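Inspection log for the structure reproduced underneath, given as structure tokens.
All chains are identified by letter, namely A, B, C and D, in their written order; residue positions are counted from 1 within each chain.
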Amino acid sequence: MSAYEPRRPDFEQAVRTSFGKQGMMRHIRASVAKVEPGFCEIHLPYSDDVSQQHGFFHGGVVGTIADNAGGYAAFSLMADGDGILSVEYKLNITAPADGELLIARGRVVRPGRTLSVTTAEVTVVKDGKESVCAIMQQTLMRIIGNPNVVG
Amino acid sequence: MSAYEPRRPDFEQAVRTSFGKQGMMRHIRASVAKVEPGFCEIHLPYSDDVSQQHGFFHGGVVGTIADNAGGYAAFSLMADGDGILSVEYKLNITAPADGELLIARGRVVRPGRTLSVTTAEVTVVKDGKESVCAIMQQTLMRIIGNPNVVG
Amino acid sequence: MSAYEPRRPDFEQAVRTSFGKQGMMRHIRASVAKVEPGFCEIHLPYSDDVSQQHGFFHGGVVGTIADNAGGYAAFSLMADGDGILSVEYKLNITAPADGELLIARGRVVRPGRTLSVTTAEVTVVKDGKESVCAIMQQTLMRIIGNPNVVG
Amino acid sequence: MSAYEPRRPDFEQAVRTSFGKQGMMRHIRASVAKVEPGFCEIHLPYSDDVSQQHGFFHGGVVGTIADNAGGYAAFSLMADGDGILSVEYKLNITAPADGELLIARGRVVRPGRTLSVTTAEVTVVKDGKESVCAIMQQTLMRIIGNPNVVG
């Protein structure tokens, strides 16, 4: 399923534990749906808390979960004790995020000792139908010995 | 103060009215601090709702208010009845957003009939001292006859 | 092979004709290796003309052919008489472009009436072995009735 | 003039020496017009070698000199023996690069021990009149003990 070897057996738990500490993610009710070595999928149900004035998911929240999905995809390949920090990310919004559920799938393109590069695809589910609404390209930096730093 | 001529006298009210309709902005308690033709400044106080696991502002929220500041800077130059949509944005995080207040200042670099280009600088205020934590570059598209579409 | 329907039967010739008019591409000896609806592959052999001081392909030339591959992927879906213009592109360099041949493969992610979004992967071939050295994300704008505008 | 302290007295010569080793820059006749600590200005005269099919400067070459201007702005703050590598750059093209001279001005926004962030503005001079045609945002990585690595 994944081309990458995790550096720790409990990589999934490490992702879920770190994610659980993010007040913002808890707050908007985002959840980690799937973790594989170098891959992370995040789900976010629609609510007024993540809306813009048109009733769609806010563009900022689309970027937020894309950034997080890429960040945790990279974090899943880190060693115990390491953290990861977003250096930069670039989001193209390809369609309005109009639907009941937002899904971000982050994948590691280049795992690095210092820098990692990821991409993420964000889809929106409306009336059960899933379609792409954004794509992201991101750079992350490994923080040695600080597992608390993500995103 | 500004190099741009607004297309409507009530451009500031138009920005504030649209901003007020964004559930997410209301929710995280972001506010429009200043509007000029081609410029918008947004403030966001720290709270658990916008935090990551390290106690800093979440990187996604830094991108969210940068995206919004750039979007409303461009919206301030639109004609009555027009809206604007984020096509893409790119954020470089230059320092952890560690502080009590986050400020995003968006400026129009290129006002366009169809596409506008903006930049935003995000600063964080800690113990009263303000420092840059991120910069953004963004493309927006004018939506003719749909004032409800922003960001 | 491709999910897209071309708007003109001679889409490949249209791409090759436009490409042939680019002084810079001719000059650095880049060539169009493959065209499909929504896809374009460009090859560039190593030469001193495209080098940086370390003897690798120059980072700027990596971006140049990525930009071109994405641009022609989008152009391949345009109607006769239309042109396309790069609005913005973002390149992540994932490895030094060290080798004898540079290959850029551009793909349309979102074909649009006004705006198109593409991605490109750039690989470098060294001693016959191909590996990824950069990825790109790009926005392009359709120019109605101006087939000469590309990139 | 500059807010930054150079780490070596001969920073300008270091930039010019490294730039002189880039086959591509020599080849398209680009030159370093100005160097300050954290700043670099590059000039490129129009020629068929840098053109696209419309007779403008090729979008790729606009990105190339923007990338180089930002890279050398960062390199000007490096210590003797250090090099710098482009991690990523993002270019927004705000107008066709139609003119006789292209100018890129790179500035360091965040000088870093490991990563530096720069911005560049690219202008084009037509009939003696200079106007902005592109803006860039870039991340660079310091390569300790390898002065040959730039761009």
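Everything that follows uses one rule, which is that contacts are C-beta pairs under 8 Å (C-beta built on N, C-alpha and C of every residue); 3 or more make two chains touch, one makes a residue touch a chain.
Quick caveat: nothing in here was measured; it's all calculated off a predicted structure.
Enquirer: Where centres are the averaged C-alpha coordinates, which chain has the largest centre distance to subunit C?
Expert: B
Enquirer: Between subunit B and subunit D, what is the separation of their C-alpha centroids in Å?
Expert: From the centre of subunit B to the centre of subunit D is 29 Å.
Enquirer: Just the number, please: Cα centre separation of subunit A and subunit B in whole Å.
Expert: Here subunit A and subunit B have centroids separated by 22 Å.
Enquirer: On a C-alpha centroid basis, what's the spacing between subunit A and subunit D, in Å?
Expert: Centre separation, subunit A to subunit D: 33 Å.
Enquirer: By residue number and range, which residues of subunit A touch two or more other chains?
Expert: 87-88, 90, 92, 137, 139
Enquirer: May I ask you to sort the chain touch graph into line, ring, star, complete or other?
Expert: Chain contacts: complete, every pair touches.
Enquirer: For the complex, give me every residue of subunit B touching subunit D.
Expert: Residue positions touching the partner: 90, 92, 94-95, 109-110, 117, 119, 132, 135-137, 139.
Enquirer: Across the complex, what residues on subunit C touch subunit B?
Expert: 87-88, 90, 114-115, 137, 139, 141
Enquirer: What does subunit C use to touch subunit D in their complex?
Expert: Subunit C residues touching subunit D: 18, 21-25, 27, 47-54, 58-61, 63-65, 67-68, 71, 85-93, 96, 148-151.
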